[in-house]
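What follows is a single structure, and I will ask about it in a moment.
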Amino acid sequence: MTEFFRWLVFLMFVVLAPPVSVGIIRKVKARLQNRIGASIFQPLFDLLKFYSKGETVSEVTSWIFRSSAGINFALVLIIALLVPWVQFKPHVASADIFLVIYLFAFMRMMTVLAALDAGSAFGGFGASREVTLALLIEPALVLCLASLGVVSRTSDLEQIFSFANLALSNQPGLWLLAGSGLFLTSLVELSRMPVDDPTTHLELTMVHEAMILENSGRNLLLVEYTHALKLLVLFGLSAQCFLHAIAPVWQLPAVLISAASGGAVLITLALVGVQEGLSVKLRWTRLPEFIAYAVTMALLSVLVAIAGRLGS
Amino acid sequence: MGQLLLLSAIPLILAFLSLAAADERSVRRIVAAMLWAQIAVVGWFVAPLLLGAQTLLSFAPDFCLDRLGACFVMLTTTVVACAATHADTFFAGEAEHGHIHNPAHFKIFYACLNMFLLAMSAVFICDNLGYIWISVEATTLFSAPLVYFDRTKNALEATWKYLIICSVGIAFALLGTVFVFASSQHGAIVQGSLNITKLVAHASELDYSLLRLGFIFCLLGYGTKAGIFPLHSWLPDAHSEAPAPASAMLSGALLNCALFGIWRVSRIVVASHHHAFAYEMVTVLGTLTVVAAAIFLIRQHSFKRMWAYSSIENVGLILVAIGIGSGALFFLQALNHSLAKVALFLLSGNIAQAAGSKRLHDLHGVWKASPPLGLLLALAALAVTGAPPFGAFVSEMLIFQSSATPAHWLVATLLVVAVAIAFVAVMTHVGRILLGGAKADFRAFKPVLASLVPGALVIGSLVMGVFAHPRFWEGL
Amino acid sequence: MTLSIYELAVLSASILAIFLLGTTYIRTNLGFYSAQTMAIAAATMLAGSQREPHLYVIALIILLLKAVGIPVFLIWIADRIDAQTDAGTYLPAPLSMHLGILLLGASYILSSELPMMLGHGQGSSRIGATAAMSLLFSGILVMLTRRIAISQIIGFLMIENGIYLFALTQTHGMPMMVEMGILLDVLVGVMIAGLLLFRIKKSFEHIDASQLTQLKD
Amino acid sequence: MAGVLIPHSVYLLWSAFGVWGAGAAGAVLTGQKQYHKLYSGVLLSGCLLLLGGLIGCWPANTSWTSDFVFFGLAPLAGRVDPLASVFLALLAVSGSAVALFSPGYLAHLGQRLHPGFYWACLFLFMLSMGQVILSANAITFLVFWEIMAVSSVLLVATDHARHSARLSALIYMGATRISTALLVGGFLWLNYLSGSWRFSDWHLSSAAALWPAALLFLGLCIKAGIWPFHVWLPYAHPEAPAPVSALMSGVMVKVALYAMVRLIVLGGSGSQILAYAALCLATVSAVWGVLFALMERDLKRLLAHSTVENVGLILMATALSVLLRAAHLPELAALSLAAALFHALNHGTFKSLLFLGAGALDSSTHTRDLSFLGGLARNMPWTMACFFTGAVAICALPPLNGFASKWLLYQTLFHTAFQAATTPERAIALGLVGVLSLVGALSLACFAKAVGIAFLGKPRSDAAARAHEASAGMIAAQALLAGCCLGLGLLVPQILECLAPVLSEAVAEPVVTAGFFTIPQLVILAAGVALFGLARSVVLRAQGPSLRSYVTWECGYGDLPARTEETGSSFSQPIASIFAPLLQYNVWTEIKGKDKRHFPEVIEVKVLMVPFLERHLYQPAVAAFEEMSKALVRVQTGSIHLYLLYVFLTLLVLVWVGVRL
């Protein structure tokens, strides 16, 4: 019985949560800027609006442009089903670290190709920037997860992030380092504030937005939903890391832990909103320095993972 | 005594015939045909030795033929026959391309060719050091007119240098023979003797210091004739200025005679059980020659000079084989080198004739101009530089294997590196000749006839490479 | 030390060779060469009386062919190509003569290295070895220092004489056939060189071997 | 043949080589006549025979020695065992793809190709590669290794009217000959140590065998194109015609790696120094290869550099297996060797596919320069689909085979990170995981650029605009290889099963490969397709709101020309500026015009990249040899007196040395 209930809650969460999470971030940012801001369900209404809007497709594009949104949607759903971004996620299949990394890479490939397909200058340099940023942060992402995996001696994410994993029960330092590394990498991966201002309309400064300039109508709906779900998954993962860092949570019963994980996700989203309110978009040439912080976090967690065994 | 006459009958008759006959076109054909007959005669004569029935064939005092000598006589006669056969089409081509030679030159050329064959065969037959010296000197004298056939200034200069340097060199070989003879007088042989079998029998009683001096002088003398590194300077000039058939014979057969002289003297020194110094010296000289020739090959400007330096490289390898002391390796490397080198010289004769120039700079696009010739040149170049399917690879690997011992590890390394450098250098030059757009004035010529002999030789080298079973050369 | 007539003849041959080094006139060089070969022929005659009789025959042939035949042939050629004197030498003639004498002394020292001849009646073979070595060195000197082609032939002939002297003094006499063969080769060699001299004169208008440097890498 | 009973399927193998030999002879005889279809058929039948023979004698470990063919030191001897059959299968598959591809492609080369020599060399090339893999003793190996080298040099020089083709052929010939010289040195040394030429007698586990193993390793590194010695590869592979460069990059490079596995890994080499050196070289060549691939404008040079990267990965896995075996972790050593062999197989398929795709591009647009291509997806849809599959495979994206082999390598490194004994080893392993992910991201960027710039967007030249689709045979070849990529991706456990005997031989204990690959690729593919179908049907129904096709968004300036489109070099400029010191990358701009600051008339921008290795390592070496030769040639002054002086001096030296010795 609980298994069906757990599936129901999870699916409901997967369908509704992504647009709402984007709404929450915007709401918190608006509040910081003394604005009331749109309701947190506004992105959901936008998606429904896109569903009924007409679609314009450039005649230059090939089949890649029209199918890349669909492929990305499928991929992000598979990732959401595999990665334990919330504790109440039912087990589907073994979520190997490197499988997840390369599913993300597949999504990136399709987005970049779709951007290049329209043959516009904006899509081109957006794709080039996306690929450059990905190249810089991928090692950080992999090393964060790998260092967690090394200490818990398994590469299956579900086992790493399960509260039954005793190897990591007394490693708050490692959790914090890996969590912050993940958080910073997801900021770059999702092109949030310091990397790229999602609300800008100046194409020259865009990274992610430039790539989806050509999408419209239902295509855009798929793209927006995919992006939102990816945002939720990545921030959810870093939220789980922070949650594991808090020692008392390990003793809570299962139901409370899943609730706590949901709460952690919300708090992280709020954190992102606050961070967006406070920081300003960095120039493109200064980005590698920002990313260097994410890489340093990853290397620190590697050091702890390797040397940590010496301590215990 | 009868066998001696039998062996030298055909060359002598041909020599007088070519001097007497009027029309040189018929002389060329007759000489080519008769030389193949000479191969048959020598083959019949030498068959018991080659098939293992007998190990020694002595048919006159101071004249005997062992299995190694038999192989070399067969090789030399074949090389001369191939050169003569190809000479026919080559000179016809020369006439077509406007280099008209007056008939007197042909008379001298063909007379000397036959006497040259006789002298070379004599080297392998003599059992007496003195007779070997006389035959080697005779080869020099008879090959001088061959080099001088083109009657150009360069040919004259090359002939003069060839004659003077080789004669001086061989004079020292005579001094070496005198020393060996003197060392035999101190020993058991009261009157002293130059007969090799007798010397080998009594080798331990020979006076060691005189024998050592004798070996060194003979090594220097015959080494000059063979083209060992510091003494090689005449070889590129002579081989590049001589007409293609002549330089084919010079490279393919003459070098083997000179090296055979060194081999004979080294047998005596080995029999005297003090041969450490001899082997050491020959191996070091051989390696030096291979390395120097490889470095020479890197910067080449003339087509046939390049093949001359490649001959020097192979002489070095043969010397190392002699330094190892195995007659089989000596003959194998000489055979494989001769097969490939004769084919190469004949082909480069055709190409130089068709392209009108010997300089590497002007030769390109042979592949486009005449594919069969290009293919043959590529295969022959691969054969001579020791690329696997061909025979030279087998003999070179045998030499490397026997020199790859802790004592000679440096020699083996230098050889492997030098052979690699030589391969890259030669194939770069050949690559530039073969590839690229065809030259405008590349005169067409009958490719089939001209590439018949080189083709056969390349196939021979291929057969030597693929079916080289040690049982063939066990007994050498 | 009293020298026997045999040793005198041998020494005089090497002395004549050193005299040859002193002049650059072709005709006088050839004169010295024939004198030196006559001395060797005499030495062979004397050796013949002690050892094998066939040395007499060889002495006669050397006298006829090498002492008289070759010089006459070379003089005839020199006149035909009017090569009067050597076109200059790498080493001035007097200096090379003194060097020749120095080499005579050196060869005397070196001859002690060579093992002694066993039971040789005609006095110690050191004199013979010394003379032969000095003749050899003089021949080499002529070849290295003289420019024109004809002196190179003379140098080659002197080396040939030196080697023959070695054979004469160090051994009881080479086999007859070998001697004949060597003689024949030398004669044919000189004839071919002579013919080439005509060609060089005709095509190069000079016979200076040091200018024949067209063929180089 | 020795008396032993030879299974009938080995005769199938020999018949394959017999067919190729006959093809070679026939090709030489037919000369200029264009019998491309006939010879493609002969090549295809040979490949099928080979495949049949392999399947026939799969589990057995048969070996044979020829009685009459003898190469002087050792007979022509061969042996079929699982390791050899894996690589022979790769040869057969690539060969059949090339056979299907050739008729269409060669028609386009037309007069610039001499059909007789081309086909003869191709048959020789296939035959010698097969024999090298099958050879059981060092002499047979060397003979066919050199024939392989020479025939591939001639194939690179097929279109030798172009100067660049001639230059590349000569550079390649020099590189292979140096590698052969090193191999000869290594073989001689091992023959001296073991006294025999057969590989089975050679054991590299002893300490004395370190130096010959190092020589072999260096020689094979040159041929495989590992980092400092890879300089010839970007010259040779692009210049050859597409089918040949597919075979060279796909199969010949693997033959060098096969030899490394056969001689060094199965030979039992336990030396840590060699393995660590190999690991360093492999890592550097992986990063170096993909970085330079990113900077290339010529599509085939891009693929050649990416071969250097993948070869680096394979060598890394091989070196790891040696290290892990030395560290007594047999199960992990088997896993890393499985990763090496499987990645070699995969790279063979998708790199051949990409080269054939580039060849199809070249045949219809007559150019390989990315800045003149673009918008080919429209009129070359099938080629684009196959090239896209190849790109997805090479970037190791999930459903396909590239991901499977890379995942195995990741797993090896990951497990080493916590099973290895000492801390430095664990740190290196985890560090390598980071480097591997960097290389993965770089190759994604590289192939996104290749696919995006070449196929998508607006055509940048009218040749690209008028391009026509490749012929049926060419598409069939690419589809075959694309199918292989997918098939290999989905059948990973079965393939690891086939590799098990090799792994157990290498690790000297039985290996169960069941637990090696746990990713359910098929399930993921099915889920992906299902969800994609859901997305398309539910969300993008045809009769939904209007679907208007219009001009690409250009801020209202009207339809911009193709010149405003992203080009290859601008796509990789951000990455190049980050790695500028490593790549010696600098952009040279010149502004012309009367008033440069305010009214520039012409702005010229050029990307200058100093070929670092060639400039500082190879050109000085070649110049040194030239200098040495120039110095030695001064000996030949032409003056007869000097030559006589040489004779007399040598006489003095010889006498003095002789007396002393």
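Order of writing sets the labels: A, B, C and D. Residues in every chain begin at 1.
What we mean here is this: a contact is a pair of C-beta atoms (placed from the backbone, for glycine too) under 8 Å apart; a residue touches a chain by one contact, two chains touch by 3 or more.
Quantities reported herein were computed from a predicted structural model and do not represent experimental measurements.
Comparing the chain pairs C-D and B-C, the larger number of C-beta pairs in contact belongs to B-C.
Taking each chain's centre as the average of its CA atoms, chain A and chain C sit 102 Å apart. Averaging C-alpha coordinates per chain places the centre of chain C 70 Å away from that of chain D.
One inter-chain figure worth recording: chain B and chain C are separated by 31 Å, centre to centre, where each centre is the mean of the chain's CA atoms. Rounded to a whole number, the gap between the C-alpha centres of chain B and chain D is 44 angstrom. The residues of chain C that reach two or more other chains are 143, 152, 209, 212, 214-215, 217, listed in rising order. Chain contacts: chain A has no residue touching two or more partner chains. Shared interface positions of chain B, defined as residues touching 2 or more other chains, are 160-161, 164, 168, 213, 236, 296, 299. Checking each pair of chains for touch leaves A-D, B-C, B-D, C-D.
In the complex of the two chains, the chain A residues touching chain D come out as 51-64, 66-67, 69-71, 73-75, 77-78, 81, 93-94, 96-99, 101-103, 105-106, 108-109, 112-113, 116-125, 127-129, 131-132, 134-136, 138-139, 141-143, 146-147, 149-151, 153, 155, 203, 213-214, 217-219, 221-222, 284, 288, 298, 302, 305-307, 309-310.
Listing the residues of chain D that touch chain B in their complex gives 28, 31-32, 68-73, 114, 116-117, 139, 142-147, 150, 154, 157, 160-161, 163, 165-166, 169-170, 173-174, 177-178, 180-181, 184-185, 188-189, 191-192, 625-626, 628-630, 632-633, 635-636, 640, 642-644, 646-647, 649-651, 654-655, 657-659, 661. Within the complex formed with chain D, the residues of chain B that make contact are 160-161, 164-165, 168-169, 172, 212-213, 215-217, 219-220, 224, 230-231, 233-234, 236, 276-277, 280-281, 292, 295-299, 332, 367, 371, 375, 378, 382, 387-389, 393-395, 397-398, 400-401, 404-405, 412-413, 416-417, 419-421, 423-424, 427-428, 431-432, 434-437, 465-470. Listed in rising order, the residues of chain B touching chain C in the complex are 62, 128, 130-131, 133-134, 137-138, 140-141, 144-145, 148, 151, 153-154, 156-161, 163-164, 167-168, 171, 174-175, 178-179, 181-182, 185-186, 191-192, 194, 207, 209-210, 213, 236-237, 240-241, 296, 299-301, 305.
The part of chain D that touches chain C in the complex is made up of residues 633, 636-641, 644-645, 648.
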